[in-house]
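Okay, got some structures for you below.
In what comes next, subunit A is part of two complexes: it sits with subunit B in the first one and with subunit C in the second one.
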Partner chain A sequence: MSKKRKKHYTKATTPGDIVIVILMVILALLCILPVLNVLANALSSPEAIMRREVTIFPVELQTQAFASIIGDSRFMFSLGWTALITVIVVILNLVMTVLAAYPLTYNSLKGRKIISFYMIFTMLFGAGLIPTFMLFRDLGLLNNPLVLILPGMLGVFNMILMRNFFLGIPESLKESAEIDGAGPMTILWKIYIPLSLPSFATIGLFVAVGRWNGFQDALFFLTAAPDWHPIQMLLYNITQNATQVDVASPGGVSVQQWGAAIRNAAIVVAMVPILCVYPFIQKYFVKGATLGAVKG
Partner chain B sequence: MNSTVKQSKALVGSSSKADRISQMKGYWSRHWMLYVMLLPPVAFFFVFNYMPMVNILIAFSPNNVVLPVLETGWVGFANFETAFSNHIFMGAIRNTIMFSVLDLVVGFPAPIILALLLNELKFERFKKITQTITYMPHFLSWVIMGGMAVSLFSTNSGAVNNLIVGMGGEAIPFIETPVYWTITNVLMSMWRSVGWNTIIYLAAITNISPEYYEAAEMDGASRLRKMWHITLPGIRPVIVTLLVLTMGGILNADLSRFIAMDNAFVRTVSEVIPTFVYRWGLQSMQFSLAGAIGIFQSVIGMTLLLFSNWLVKKLGGNGFW
Partner chain C sequence: MRKTKFVGMFAALGLMLAACGQGTDAPTEQAGSGEAVVSETGLDENGRFIEARTITVGVWDRGNDIMGPIAESGWAEWIQAEILERHNIIVEFDTVPRWDEGSVQSTALAAGTAADVGFTFNNGMVQTMAGMGGMHNLHPLLQQYRDLLPNLFDLVGEELLYWNFDATTEELWSLTGRRTLDGVNMTNTFIRQDWLEILELDVPSNLEEFEAALIAFRDNADILPGNIDGSVVPFFADSDVAWGTRNLIDSFIDPDITEREWFIRDFDDRRFMHEDAVREATRVLNRWFNEDLMWNDFALEEASVGQDLIRLGNVGSFTGNWNAPFSNGTRFTTDMRLNAGEDADWIPVAPFLNSNGEARSMQPERTGAFAFLPATNTEPLATLLYIDFMSSPEVQNVIQFGLEGVHNDRTPNGGFAMRPQAEWPEDMQIVGTMNSDIFPFILGIHFDHNEQAWLETIAASFEGIRPEQVDASLELANSTHTLVLQNASETRAISAEEGMSEPLNDARQVLLHAVIGGTSVADFEATFNSMYQNYLNLGAQRIMDERAEAWVEAYGDVDWIADAE
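Take a look at the complex of A and B:
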């Protein structure tokens, strides 16, 4: 296989190859340039933005927009708070996902089919926003920061993914451990978890991105508790109404005028954590995306 | 230990009551831990997925946000009738379907074409970099996409309009009029997902046997012919599966996308079913009306999902479960 591939790649470069490379370069630029544009807007003077001079390079470089975002205690608190709930949700989610997925790998487990259906049915039919809202109201979760954590503790899709990862571990390992007298907990701890670390990374990262990028729950359930808004919710308010930005305007200029630069600076700051770690963890996402497709 | 006991009993072939009890004991001593493990997930689904279902009754009750749902009375399907005679809601249904169809037409073929091109890339390192870059937009939230839309496409200072004006043209209201907003939205959604969606096709392509290509090369087949006659048919099952599943989601719309890209000028097209439920239900406290719509969407969604899953299996693919 690898030999064949090598042969394939050492063939002479044809004009077709060049055309494809050019197309791919254009595509890659299309992916990068919008991000550069946001960065350029964040670093350009409001006057230059108004004069239509900013595309992908900063014009009349300024760093006050960034300074006012970084100096804004609410924004920075929200960044830290979002990071904290992301870590908490990832840990809780991984524990719950393992607890849900592992027992279902036992064919001998009585009631396994019923429990699987009980879980998978939630993927088929949801009560909807209003019934959920009413429940959260009755449970005291409205305007309660826990609403950003508890409902995200477990998802059926991740449970199925994890179960499939587990089912890929040879049954014989489990059987020989059972003969040695190991119970389910020992087998999970000594065999399944050590062998599933890459899948933990995959699922954990999916959950982390979901939490970092999520704002719907705050929009629905934290309307009266803006202090607990995650970063995307704050960003949503900023992008929706750039003239009502809560951040202090840099010395002497009107917030209105600075709206665009500050808005873009906020976007960059919220984007940076993901863009920085993304290239390094990409392979785990790719693994998850392909495994999600081959479900048993 | 227990299994040996069980086995020896089975060998003797006796099935007295005492034996069955000891077998049960054996089962429980090996499995009780598993049930304990399942308790938290089962409780979780009960609270967050099954308990809200009681509140579905709100859809059949007079709108009353104060009383518990069991004490409000019964109005039959009146809330559903109100919903379907509301022209904004009917517009939301139309918009939801319109965006699903546009996403399908524009967004569905794109990753297939891109996967075919990526597969033809010779230079491994360049291919890796291209993939990393094109997957990236998938990780940008819709809120960020909404902010980007403004800095790229606004009439006053958007980069694209800056270029158009710079070349002597007239600025185009990409995000300020319904038709342009629709186009911008569909294209930005494609931009966000096209790279990521190639992953599944690329994985399918690697499963195609290289022998087909070798045989075709011996016959002197050109690159395009190989793409058309080998690669594309090779990934057809995946294409069909994804197509059916995508069509099953025709009444689904991502609320974040339509909330984050929204602006006051384009409400006629940006209102989709979930945004309608949010605005009329939570913002205007029309619980009963929005609850009725929620049921409508859940029932239709479940039917479509079951049907498309059935169809996928019928066509020989892997369904959702």
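Take a look at the complex of A and C:
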């Protein structure tokens, strides 16, 4: 009887691990390769792009596309404006989320359950675009840049996450602070907030990405205020104008023919700020990924 | 205690709902009656309002950098000044994103904030809103003010204006604009003249010769100017393949088709409900695809990628608008010559012959966009006068060709020779099809000057193109788009069509991509039959059945409108 060689695996490596790694590598490539293609197109000559020679490496390297984008005052203003509102929305969102979640950690709060139900009820269904439009109209937010900031100030889901995180902080810390004479706000500021940095980072990242990538609100609510369009709205228009086949007039141009290189450069420039922020909060992201999970 | 909790909860809910229900400054006529009756015109003997009227007008904006916001452009200022002087109407422009005009306007209509007049390609939206009482019935308005709207009726014509008129209920919810016959929707097929000359081939005059030319292009690609690594695209069509092969599909439609049959199958503007014609056309395309005679990536890439290939000189033939090779926007010829040599050129051909041996296409859709007046409009007469003003020849000349001495110079016979774009004012660029974004009602080039002026205008409008090329293409397009059928205007609205445009369009695209690019020649018949049956089951058959019923109700059991009692 032949002896079969047994394959020995270390304790850390199993066939399942190998399969998972392969799948993750494939997934990572599916995410990275399109980005590399966009970057390569942004750095390639228009002729090479037209010949469809560009894959993940630039062909006939050029940087004029980036120069055009950076020199486009409207694009750069929109980029700066988007960064500004993203920062504002993140800060306001975190403040509102904390102020909404913290009181709900006090059992002594009268009407706590009703307030919680009132907030959670709004998550069960959405009114839709038209009632939202009417509400914004009545609030004077149509064609007002504040429409990009105010509606995003509080998300109930994030509030629930934050509340659950607060509830996970040992009650004894609060009690000892109360014994020392600390009031609720002091406890919040000196105990809960320092311990909640992972949750802040996670929620802040989600809010920031959502605001940075959002353009639907600008599409419907800032129709007559194009100066306040966020960067993704600009990219949306650039892409639509380039891909929608419209009949050109004989005496003029029907659409601004943003070259493929410039379009791709615009996409890269719009991605860079978020890509720069993410590495700094990545460590909190992993830790905060299980926010609100039941703790033993 | 528990009971108290429930009572308290419902009380809170009730308070919340009551607070939500309070309106503030919401217009009172959000979904009310659309029957605004104007008893006095308020006009003096010159057609000018005695007291100034204010209206808001929807304009489309592409959000590009050519000119800035169109509502703040030089065009807007010019229009505002002119109409104020002519009719004492103050016009405020309301911007609508061009590529999302349907959804944005429907939201505004539902919220009661839409402009006093809007323009859309989505007539279904208009009908839906009208069903909820959100639109003015334009029929009584047109009857009452017809004498005050001579330009509108002259330019568009009564037939088009009443295109969507429901004779049974006497309701007209939208005015149909005009798409000029000499304008955008006549398609020619173009083939590389230089390639034919190099390969010593005659200009193809039928399908067999055309296919032989494509084979010759494929087999001799390495010697043809514009080839990329020894390969070319003999025939180009993009993902909207039904549009890009319109002439081919038309050639398989029965040239003696009756008006009844045409009406039954006319819901889809790509002729897709003409099953037999679509089957035969896609059979040809399937064979071309499998023999590398057609662009391999038509279903995968966006149109702009393929158009780049045309500009590179890599494409041997394509079907497109009659002016596609010449326009300054697409630059199919000028850029092609830069990349493939000065001899690179296009020649229009008509090789797709019908069963009578003729190249004949249906007269293109004469309809432009649709104009509607929301029920919140309190100045319907002023609004109609605005549309009439914009339809006048003088205004149309300025909108389309710009200001004389600024955008153009007049030719000896009264035509327009456009100046280079670089010389135009920054805030008065011609954007969209003949500046259609600011008045989408009229699409295409038109003016009713003499024929010589017309030809001079067309010929002088394409930089770097020989006028005789332009004339040849236009002449061919005119000569092949001659099938004329009457519009079945007496029929009722077809309920089966509501909400079906998008699903059927998507199904059409899926089918075409699959049967052309995803099926072998041997499997074509089975695949087409199966997928087309799905298309019919999705709703196309129901639409055709209801159209057949509507025809009989309106005209009786006849095949031609002229034979109706």
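Simple rule for what comes next: the second predicted complex is superposed on the first by the 240 of 296 C-alpha atoms of A that agree within 3 Å, B and C clash if a C-alpha of one lies under 4 Å from a C-alpha of the other, contacts with A are read in each partner's own complex, and residues count from 1 in each chain.
As a working rule, a contact is a pair of C-beta atoms (placed from the backbone, for glycine too) under 8 Å apart; a residue touches a chain by one contact, two chains touch by 3 or more.
The structure presented is a predicted model; accordingly, all values stated were derived computationally and were not measured.
Asks: Looking at the overlay, does A:R52 come into contact with subunit B only (first), subunit C only (second), both, or neither?
Replies: Both partners, subunit B and subunit C.
Asks: Pick one for A:I130: touches subunit B only (first), subunit C only (second), both, or neither.
Replies: Both: A:I130 reaches subunit B and subunit C.
Asks: Among the partners subunit B and subunit C, which is in contact with a greater number of residues of subunit A?
Replies: If we count touched residues of subunit A for both partners, the winner is B.
Asks: Contacts for A:A224 in the overlay, against subunit B (first) and subunit C (second): which applies, first, second, both or neither?
Replies: Second partner only.
Asks: Between subunit B (first) and subunit C (second), which does A:R74 come into contact with in this model arrangement: first, second, both, or neither?
Replies: Second partner only.
Asks: After lining up the shared chain so the two structures overlap, which partner does A:L142 touch, if you call subunit B first and subunit C second: first, second, both or neither?
Replies: second
Asks: Given the touch rule stated above, what does A:I114 touch, subunit B (first), subunit C (second), both, or neither?
Replies: Second partner only.
Asks: With both complexes superposed on chain A, which partner does A:M24 reach: first (subunit B), second (subunit C), both or neither?
Replies: first
Asks: Common interface residues of subunit A with subunit B and subunit C?
Replies: Residues 49-50, 52, 118, 129-130, 133-134, 219-220, 236, 238, 260 of subunit A touch both subunit B and subunit C.
Asks: Using the touch rule from the top, collect the residues of subunit A that touch subunit B in their complex.
Replies: Touching subunit B: residues 1, 4, 9, 11, 13-14, 16-17, 20-21, 23-24, 27-28, 30-32, 34-35, 37-38, 41, 49-50, 52-56, 96, 99-100, 102-103, 106, 108-110, 115, 118-120, 122-135, 139, 150-151, 153-154, 159-160, 178-179, 181, 183-185, 209, 212-216, 219-220, 232, 235-236, 238-239, 260, 263-264, 266-267, 270-271, 274-275, 278-279, 282, 285-286, 289-290, 293-295 of subunit A.
Asks: Write out the stretch or stretches of subunit C touching subunit A in their complex.
Replies: Residues 8-9, 12, 16, 23-26, 61-66, 69, 71, 94-100, 103-104, 107-108, 110-113, 184, 228, 238, 240, 302-305, 308-309, 311-312, 321, 323-324, 326-330, 339, 401-402, 407-408, 416, 418, 421, 424, 429-435, 445, 458, 461-462 of subunit C touch subunit A in their complex.
Asks: Report the residues of subunit B in contact with subunit A in the complex, numbered from low to high.
Replies: Within the complex, subunit B contacts subunit A at residues 1, 3, 27, 30-31, 33-35, 37-38, 40-42, 44-45, 47-56, 58, 69, 114, 117-118, 120-124, 126, 129-130, 132-137, 139-144, 146-148, 150-152, 156-157, 159, 161-163, 165-166, 191, 195-196, 199-200, 203, 210, 214, 223, 238, 255-256, 259-260, 274, 277-278, 281-282, 287, 290-291, 293-295, 297-299, 301-302, 305-306, 318-321.
Asks: Okay, in this complex, where on subunit A does subunit C touch?
Replies: Its residues touching subunit C are 47, 49-52, 72, 74, 114, 117-118, 129-130, 133-134, 137-138, 142, 219-220, 223-224, 226, 229, 233-234, 236-238, 240-257, 260.
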